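Each of the next two complexes has chain A plus one more chain, namely chain B in the first and chain C in the second.
== the complex of A and B ==
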């Protein structure tokens, strides 16, 4: 018996290895298994909704509504458990990849489960609030899936085979060179250079991070000032200007890197807090139904 | 006086190497320029930043040269006198100048304390490159949002409930539990929108009938009599076997304490603003569809036929009829040959013919009555004031226009026989013959002189005086004539000849006011339809015993099931749930229906004159044929003018 399980496990590991080799992502995991399952679930719900005659009309309080509501609440809790599951790594046949694949597709099917549960009766109340939060969580997740599928390529192109720390190190090197090259400059010219040196490459709020536009960039300002300045020794200034240009390029690469990483991460700042808001609103929704039964 | 410049460098192993260098002269310059005695390679330091001098070898004066000052103990200064024995720390840009005194020598220690640039500072890679640095943490957000939701939408509403727990009526204003409102209340309950507790009294207890009855006092019984009188076992047996869905719902209901059979099971709320929805057909059909078989199987045989949907599954009507003259009323299934004795003789066919005597008589009365070229149903049948049912036919109002009972005119006033009182008819006729002389024969007129005494039979006075003598006994003949074939009474009534101790008797007339006792038919709602469209047998009916109540077949020409189910072809379908005709609570009233589904009530009632009757119509004649607005006027009695 034990050997039977052993063999089965070996087989599973083998299948997993094949998948690894083909670089099968969570979206196309096991030939879109979970996409098919959740698609089937949605189809089943839509068709049965149309066929089943509920009196006086479809809403969350009919037997059909209760069924969908229970499925939906269960799904929400299970989907939330991904946050726990991902911290417990295993390579078994319920791998994290399988779990993520199911999370994505079952999460999308929740649009149908939740919306059809409402019977399309929406209003300004806690019940609709829970639905809205659920939709926001799903939409942010959908955004996450899309950026996970598209942005890593851009991230890789931008890095140009550098690590993050190498990008930062390049800036540090230009800073050092700038510091020594700027020594002969007049105080008027050193001030902008000093400001450029004082600039934190990681500064800027969430807006600057995501847009990649840094309006008060001191390096760009120093470059502008020194290009126009006539006060210092020309040769020294030219050298500083050249260094500033190089630093600006390095900074641009780092900022693009930060921007793409920001876009890859920002949805989680919506997805996770709203998930807990959703669970709270869902509890209020369920308790309210039974409280005013 | 000598200054010593001390430099400290740190080896890779962390070991510090101290190098001292004596500086020449009493005044030492400090700056970025290479020509300074102390050269500080710091962009934040001016080329010739400051001079350091000492007069007595103890006090040190530091003076800034080019406007830019220095920091002394955290304050910005341009000149400072420092006791070297006490020591001090000065800051020039990113460098620190420490002044101290050792062995009568002033030690100047210069070291870089700031990083060369901001980027040179150490960073936590995981934090700096991700959004952690610029966004509030996810965990914080999760907690904040979660707690906010629970406060606003769980604690708040429960608090609102708690604070008005034993209050009869809540004050106006916002109550947190209105966030729980699952849908708008019906218009009747709209005022309770802020007062959830008026119905949801106890938490986790489904709305009870008690909450309804608190306001709805005695409006109707909880159940119709028919249902309330039935044993509970029978009612339970009548229910159809639950489907999958109902099993689920029943499971929910049982698990979460939601008893069945409450008012709110049918009178559903929170289904949208506007009037409360009528009870759906399914509520009835759940039991009545296939009920006979189930009840029989359960040992409760019933006469009730199965009904599932008006369009497809409804038993034939069972009107209340009198199967024999003078017999009792019984409910009988409508079928060909069912008779209803109301005591009258009335051939509908003769009265409704387009040609013939009746039509000609009606046509001759045009202008006097609302008759057309022939008689119409509404010329004789009037509806009740509410328009629902048809009034029983009354002789004086509905027949006497043609069927006159006049027998004499006295000074222009017509005397008629008293309808409905045969004894009075006999008395009136007898009195008439007793009190009036016969008309004078022609032979007795003129100026011709005649001999008296010619009274014997065959003689001239005998014509008149014999008549006078025998006149009172003529009354018997007249009475007999009136009650016999060809007489005024006999035409319409069944007459019983005088028997021992009895005078002439007329069979009682009993017109059934409502044939369909279990359903509700509203004539007013159907007044756009011609009578004969439903009462199809009327134009050809030869006897008044023909039952002219329309059958299911006629209704189904327009009425289909609640969801449009039908057996026959219907052009303009009217979806008809059970509640359109059947009243569950059996309080005798009209079945309730939301206002928007009701037909507009525009029926002119029989006893009201139509507007304008007394003004223009006197000149132009009545407008239209006014279906139900015939008013009673004294019949014109041609026969009376001729002397009876």
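== the complex of A and C ==
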């Protein structure tokens, strides 16, 4: 039976299409091509480091150290270029997925390239600063890879076919309904509802955004107060309570959406500025090395 | 009672005005009848400052009135001047209600009771019809409008919409947009909104619940005053604030009026036009029809026809139409030298489908067509090429490559390429010129017009296409003669989306060929319908029943609205009996399908969840209308990080506007169908494009060439909401400058605020914007190239749903 399908897949174009249908992500791109290349590079460095006898000992200043240093500096500059590539829509044939794939695996290989370049001589100086910054950039990038690989499905599940604008619109719709439904309430019941209406769904700061916990949520407070209150007409109050519950659910969805998006983006605010700091430290490192040659 | 005139022109739009000006220049006695108090009411009612485009550019203007692209005011001002300079006799407030008499002595009666006498009548009333007016007190106030051109013209106003049809609801929803801060009320005389589409009613109800508009039923206007409106409600009279009244009370279509004069139309359907001679004369001698009513919606056409028709009435038989030089250019490359009319006659007498076409229609078709000379052996098109035009053989013959080293000739007078025309699928075979030949290539739009206007042409095309389709399906070994009985008993069936054509377990031996649209095949396995196969146009089904005599072993239903050709089992069996090798080929196909079915069944036993997922995904894809797609963007939400780089890349690859909305759209099992063009087999957007600028390109893309007039028909016709009406923003500063200084908008579509600031008071014309699959960009679709994680893919449904996917998933 299988032969029937084997034959179809043997066509080269078919293979290409099959790959597309399986939406091969950036990590699996072209059968882990860049993982293999970068793994091979690391292996080559580790083995040659052990085999090559540099006198008096391995360090950044030997011919071997210079080679690794040049490779590393080149890689760092090329990896930085992803930011430009991503935004420059030239019309020639390129795939950002392939670039990302290479960026991730070659970026990880810098751990070996950079560290073995030092000859494991670290200290309190500008050279080690460059190494530390590089490791921090790689670490933040590693976080990025992990969230890119794990969070998108959660983002998709949470939004349930709604767009961010629709989520905001849903909250505004509940606000409008609350506004009219709260008219018959007593002043003491109206106050928390008004506070909930005034609430900015985006307020709460970075901590709340990333944790998803909004301690001073006016809607939750209004819901608590009105559930316990006995002052207004029961029917009117229950209607408002019902609306508040719906608004709370809508808020929860929006906040979860913002939280996941925040987690998917926050690392870039570390990764990118550190990269520039790294390039500055790297320049200082290279200039000072040549100055004291 | 007035003096009889040589020619009376009804309607003072571009066509009528141009005709009257010509009559005045020729010194003919004439009268131009206009029902309002100004010329050219349709354009007069355009929104202030609206740009009017002068398309098609290649057509020369031949008129005594000026016309060039410009603002509404500029054009109307020119025409008023031209009418005065040409000394055109205009009768305003002359709303024609009845025409009697015959050529030489027509009597034209107006609503006021005036009667005009004329020897000839030129009917140039357009297709707008007369909107029904409000009838209450104050109904002639100027703040009552009968159409809304741009809801953004209204801001912070009290607006009352009268009328509960789709037009009224759509206008009300438009002006009720939150950002415009209007206070909107919609009135309905009755209790429910029975005349409107369910979607519009539910949108309106939602807007009502959200406080964007107030919906008042059983209410009608009683008295209109400036700033106020008195309503008659079930609870008595009420006075509300009202700055603008939008009255959408329907209109009287002009067709009834035209038919009341005795003029015949080409057919009963809505798209039909009056039957006309080459001089625009209708079936009533002495009455001529020009302009939009004659089927020419563009202003330039109308004005040229106004000029021509008066020349014809004045006895100028030698006048060649303004398109003469365009037609001459079409014939210029042919080896023989003939005049345009000789060529037209040549084609009409030599090509069977043109036999019933009138000379006027022939000119029109040829403008949208090409005629070319092919040397023996030249390839006309290759198998697998996209293309939807129809070819006719005027001279020589064509050879179809049916199989390797096996060709079938198509004789002079016949056609080819009709499969692409009817199904919208890629070309099924390579065609070469069998000897030095002349072929006519008719564009899809022109061919469809031809089929609608000339029933004989439609019959011929349908029969030929069915024969060819069968020949193609059953490869070599069959001749047209073998097919005779099959084709004679064949019926064409239209099936709506979702309709079941064959039911599993039922007896039956009819065989179906899919002419257009697509089908899905399902089988009940373990009490659940499992998707087996997607059948695109050009495939056939039901053949297992004929061969085996067994009941149907699977259910087949329409994925989208489709056209099927039903062949009776008996004639099909006879054909197979006569041709054993065809029977063998069919049996081989059946065996392959049966093998696939049992493969899925076997997988179902061991990998039940994988098969269920495959089947459910297929159903979802079909429900989202992808059954009619040829190439659609899908997003795997297991990979999508929501960076919107696809949208930014789209905007930056085109004029700064994104043609896709990633976030919007439905999702199933993390497979997301964003709002973006699917490049349908039969694009809905192409259905009604007045300047005819939407085409299918060489890679199957449906794209718009420059020349859009901004009418919005395509946007309204697209069921997937993927066309935007938008003006291109001004150019952005370079990317490097943004990266280094942060100045200006970054990648992607600039914010409306930035655009507005750059433009100042200028209001550029909004035109339709849609995906062109990055036509002409070497790297291919930008959305896919720019996706950093590989979430965005472009696929066609048959690739996406091929069984190989299931095979991979369960490996």
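Note that in this section the second predicted complex is superposed on the first by the 268 of 293 C-alpha atoms of A that agree within 3 Å, B and C clash if a C-alpha of one lies under 4 Å from a C-alpha of the other, contacts with A are read in each partner's own complex, and residues count from 1 in each chain.
Here, a residue touches a chain if its C-beta (ideal position, glycine included) is under 8 Å from a C-beta of that chain, and two chains touch if they have at least 3 such contacts.
Model, not experiment: these values are computed from the prediction.
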**Message:** Of the two partners chain B and chain C, which one touches more residues belonging to chain A?
**Reply:** B
**Prompt:** Given the touch rule stated above, what does A:269 touch, chain B (first), chain C (second), both, or neither?
**Reply:** first
**Request:** For A:105, decide between first (touching chain B), second (touching chain C), both and neither.
**Result:** neither
**Message:** Going by the contact rule set out at the top, does A:201 touch chain B (first), chain C (second), both, or neither?
**Reply:** first
**Prompt:** Of the partners chain B and chain C, which touch A:97 in the superposed model: first, second, both, neither?
**Reply:** second
**Message:** Going by the contact rule set out at the top, does A:164 touch chain B (first), chain C (second), both, or neither?
**Reply:** both
**Prompt:** Between chain B (first) and chain C (second), which, if any, makes contact with A:24: first, second, both or neither?
**Reply:** second
**Request:** Once the structures are superposed on A, label A:284 by its partner contacts, choosing first (chain B), second (chain C), both or neither.
**Result:** first
**Request:** Using the superposition on chain A described above, determine whether A:176 touches chain B (first), chain C (second), both, or neither.
**Result:** both
**Prompt:** Who does A:214 touch here: chain B (first), chain C (second), both, or neither?
**Reply:** neither
**Intersection of the chain A residues that touch chain B with those that touch chain C** = 164, 176, 180, 261
**Item:** Complex contact set, residues of chain A against chain C
**Value:** 1-2, 4-5, 8-9, 14, 17-18, 20-26, 29, 83-84, 86-97, 99-100, 148, 151-153, 155-156, 159-161, 163-164, 173, 176-177, 180, 261, 264
**Request:** Note which residues of chain A are touching chain B in the complex, please.
**Result:** 52-57, 59-64, 66-67, 121, 123, 125-127, 129, 164-165, 168, 171-172, 175-176, 178-180, 182-183, 185, 187, 190, 193-194, 197-202, 204-206, 209, 257-258, 261-262, 265-266, 268-269, 272-277, 279-281, 283-285, 287-293
**Item:** chain C to chain A touching residues, read off their complex
**Value:** 209-211, 592, 595-596, 598-599, 602, 636-642, 645, 648-649, 652-653, 661, 663-667, 670, 672, 735, 739, 746-747, 777-780, 782, 784-791, 793, 795, 799-800, 802-805, 807-808
**Prompt:** Okay, in this complex, where on chain B does chain A touch?
**Reply:** 32, 41, 43-44, 46-47, 66, 68, 116-120, 123, 125, 128-131, 133-135, 138, 141-150, 153-154, 157-158, 161, 177-184, 196, 200, 203-207, 245-246, 248-249, 252, 256-258, 268, 271, 277, 280, 282-283
